[in-house]
Structures are given as structure tokens and as C-alpha cells.
Amino acid sequence: MTPQEFVDRTRETTPLVGVLGFAVEALGPGTARVRVPFRGDFARSGGTVSGPILMALADYAMYGALMNVIADAEHAVTATLNINFLRRPAARDVIAEAQLIRCGKRLAFGEVMLFSDGEAEPVAHVTATYSVPPQASQPVLKTNFRARS
Amino acid sequence: MTPQEFVDRTRETTPLVGVLGFAVEALGPGTARVRVPFRGDFARSGGTVSGPILMALADYAMYGALMNVIADAEHAVTATLNINFLRRPAARDVIAEAQLIRCGKRLAFGEVMLFSDGEAEPVAHVTATYSVPPQASQPVLKTNFRARS
Amino acid sequence: MTPQEFVDRTRETTPLVGVLGFAVEALGPGTARVRVPFRGDFARSGGTVSGPILMALADYAMYGALMNVIADAEHAVTATLNINFLRRPAARDVIAEAQLIRCGKRLAFGEVMLFSDGEAEPVAHVTATYSVPPQASQPVLKTNFRARS
Amino acid sequence: MTPQEFVDRTRETTPLVGVLGFAVEALGPGTARVRVPFRGDFARSGGTVSGPILMALADYAMYGALMNVIADAEHAVTATLNINFLRRPAARDVIAEAQLIRCGKRLAFGEVMLFSDGEAEPVAHVTATYSVPPQASQPVLKTNFRARS
């Protein structure tokens, strides 16, 4: 699945993707990079991006990272999501970089780092588990995405 | 702060509150009940509510629960949020019931249960910590909101 | 399974239970109360109980809460555990009260409150998910353990 | 602080460190590598390491990663810890690799990967936040430990 196919497909099934204007910049087996454009109605006073926008973005990026790993990935659903807010985002686009860490038969687990556009320091860190659809968890391309070097 | 004052205030500082149409049904010291109306563009195919809507709702309800507990609560910011999705929400309003469990000098911690309107079984469970503004964490009305009976 | 059977069984399969001296005070369908006795080698300087003791206790109590809910519960394994430390425990026994919130076909989810013996205010709050053994998740006595009243 | 100083100091203040036999293999500013030796009384039937041993190990490694970053780090306390169990550990030593991601004035946040000795694939992933002692959070050597390249 290409970034464009992923966006087209999810805009249909999940209109929120279009509402929030998510742009998928890269999609690999177990990885995804997604941007949310800055908009005034996503801001919080003082010029920052609202926390729920970051959560939505991370969830979507993690979902994208699953797309090229398991069959029937579209039926995967988030089981748990844990976010740590690390610093106040700037009033600009936010970019999510998702990486799958482990994909088992029942649960997939990964991590997302969120950055203000142009900044090196993360604004938030997310881990999430997805429930893998039972009928179609094969083929798993690889089960480990972040091994020790 | 009354439910209406809270909605008015947060709609100004955080336009997303208005975009999502959050309705605050109750606001006590350490508690809040908030409803998000069902809308087609918050749905996910198959007739359910999108996960990020639940996360946004829980975060807002928890924020509301802090309002009548600490001075300067508006400057509290979410530090961590952990959500467990428990079952597929129905295609209808979702209601969040937030309860503060502990409010310390630096961190407040609470729990939110999310329900499909009219259902007794939760669709998701959230815990969150908020960073309490240093200059204004007093008065804490009470520090414990869920003690052992 | 009675408290005594649970202790006997887990002391065999998991010697750590004996090492830590866990005492199971109550065991119901979806609930458990477990005590860890205070001991000098579990302390942290200044007279408090070490954090990992609390985590071990919560995990064990949650496991106990599953025992009378699903068949083959002994083969359930912890999938995720999230702990929030709320206040410094006193230098005395700690008691965990675990309550299952949801038991699905693949994942069980519950919550544990931890108290210093004799205190009403929790020292820590834990949520955890368990992976339910596929071959034996039936019978589920009830699927909801904490519904809205 | 050297690995040996850290072990000596923590064995005094937290006897559990000695009970569990933690060996600190490396300690840098914002990083730590710690090993727990395999022992029969840490096992779970079927030949694996008990989950609470992994949680204790991760918490200790994260604590070590803080030692050379902030003054008075010994008074830091764990605020939240989130563990995802990824695969069954082998019946052998487990190694934790901790990395601080962000150290602010009030909270430090980091990540720990846990490996069975000799394996490249993680057995568990942990994130944790520590409450930084107010009087001594300076000097922070650097605030960001995992920036985007």
C-alpha cells in the first residue's frame, strides 16, 4: 500500500482523517511518517497544538506502520495507547514517526515520536498496541522491527 | 466554575472543544461528566466512533475534573495519558465520567470511564496525569478523591 | 479456586510468590485482595516500600482476580502494566485490591489500587491487560465487572 | 558516578538491589545497561523469567540513567511506569538498556528495552517518568537524549 492509497482508503473509512488533514509522507513495512498541518482550530491559546491532535496523529501513524506488515491490517484496532507529553509544541505542523517494534499473532506493538516541524526534539512519545485480526495475521513480513545491534 | 463557564472558557482557549461539540453535563470538585454527540465525520466504517474522539473526550473530561480543585487549573497540562479500548462503541453519543484520584503539589492523577449513551458497560478506560501549575496549586480542596471505604 | 489453593499453586509455578511472602486475603470472580508483609529488605531508605514490590504485588493480585473467571487462567500472561505512584508508602504492609473491568476473548483488563495497611488513601494505582489463553477462555462468568450504576 | 558506586550506593539504600543481584554494566549521562542473573527463584514454570523481575530491572536501569544527569538524582522517584511484554524471556540473564529521552525541570522521561542475554529481539519495552527533586534539578547536562537525526 502506498501513502496515497492509505490516505484515500482511510479518508473513506474514517472521515476524521480528512477533517484533520493528515498527510502521509512515507509508509514502509513497520514504519510511517505522517504530518498534521497547523490550523487555528487545532491550537490551544498561547500558540500551541492541542494534545488530542497529537494523540490522533500518533494513532494514525501507528496504524499506517501496520499496513504493509500484516494482511487485513485495516481491521486491526487500537487496544492500548500511552502518551507522554514532553514539551509544548510550537504553533506549526507536527510530524509523527511511527515504528513497529513487535508484531505477534495477536498483538502488534510500536512506538511513535512526535516532532514540531523543523525541530529535533520530540514534543511527545507514544507507545501503542494493536489487536491483530485473527483470520489474517499472515504473512508477517518480519516479527521484529527494532532489534539490538 | 459551572459547566457552562467551563465550556465557554475552553471554547475560547481551545477551539477543538467547539469543533467536537463537547457538552459538559456535570462538574464537581474532582469529577466531570462530558458528552460528545455522535456525528458521521467522527465515525469509523461499520458504525462506530473513532478512537481519537474517545481520547479527546477523556482528556477534556479529566481537565474539567480539575477545575474546581486547584486554583489556576486552566494552566494545568496533560503529562501522560493511557487509554485501554475495551469494546467497540455503538454509533451514538459517548459519555465520559472522570474522577480525580489524587491531587498532589506537582501532579494530579485521575481516571475516566467512557460509555456509549445508554449502555452500562464501558467502551474504554483512561488514566491520566496532569502537571499542576507551580504557582497556584493551592488551595487543594481535598487531596484524595477515591479512598478505601 | 480458593485463596489457599491459589497461593499453593503459584508458589510452585512462581517461586517469587514465596520469596515475597504474598498472602491472599480474598479471591472472588474478578476480584482479589493480596497483602505483602513489610520486610527490611523490601524497604527503601527513609522507611518506605520499594516500588518494584508494589508492581509485583499488583501484577499478582490482578492475576488472582482472573482465576475464577476464565478456564485455564493459569496460562494467562501479563501483556501490559501501567503503574502510577501516588504517594510514599509507609514502612508497613501493603495491600492490593484488584478488580477486573473487562474480560474479552483475547484480552482481560483490570485495575488495582494499592494501600498501606490501615490507610484509606491509595499509594499507587495500576491498570493491566492480560492475554487470555485461546484454547480456554470459556466459560467467562461475566464479561463486565465494573458497569455504570 | 561509576557503575560500581551506583551499585554500592543503591545496595545500601535499597536492599532489593542486592537481593535481586543486579549488575550494572554501563552508566552514562542518560544511559544505563543493567543485568539480572537468571536464578531458579526468579523463574516461572516452563522456564522463563517472572514478569516482576523485568519490571524491577527496568525501573532500576532507568534510575541509573538519571544518575549522571541531574544533581541529587538519588532523590528522584518513579512517577509512572508502563511495560509492554513482547515475548517470553528465555531461562537466562536479562539485560536492560535504558535511555533518557527528556529531562525537564519537574519530570524526566525515558525508555528501557529488555533483552534475554544473547538475543537481538526485545522481551519487553518500558517507558517511565521520574519526578525530579525540586531543589536540585540542576545542572541538567543536556535536556534531550533522543533527537531526530
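The first chain written gets the first letter, and so on, giving A, B, C and D; residue counts start at 1 in each chain.
Here, a residue touches a chain if its C-beta (ideal position, glycine included) is under 8 Å from a C-beta of that chain, and two chains touch if they have at least 3 such contacts.
Because the structure is predicted, anything quoted here is derived from the model rather than measured.
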Exercise for review: Report which of B-C and A-C is connected by more C-beta pairs in contact.
Suggested key: B-C
Exercise for review: With centres defined as the mean of C-alpha atoms, identify the chain lying farthest from subunit D.
Suggested key: B
Point to revise | Distance between chain centroids, defined by C-alpha means - subunit A, subunit B (Å) | key: 23
Practice item. Express in whole angstrom the distance between the two chain centres, defined as the mean CA positions of subunit B and subunit C. Key: 27
Review point. Roughly how far is subunit A from subunit C, going centre to centre by Cα mean, in whole Å?
Key: 32
Exercise for review: Indicate the residues of subunit B shared as contacts by at least two other chains.
Suggested key: 79-80, 82, 84, 129
Check your understanding: Any idea which subunit D residues touch subunit A in the complex?
Key -> 82, 84, 86-87, 97, 101-102, 104, 109, 111, 113, 115, 119-122, 125, 127, 129, 143-144, 146-148
Revision key, fill the gap. Within the complex, subunit B is touched by subunit D residues 79-80, 82, 106-107, 129, 131
Study note, to complete from the structure: Counting only contacts in the complex, subunit D reaches subunit C at residues 12-16, 18-19, 40-45, 50-53, 55-56, 59-60, 77-85, 88
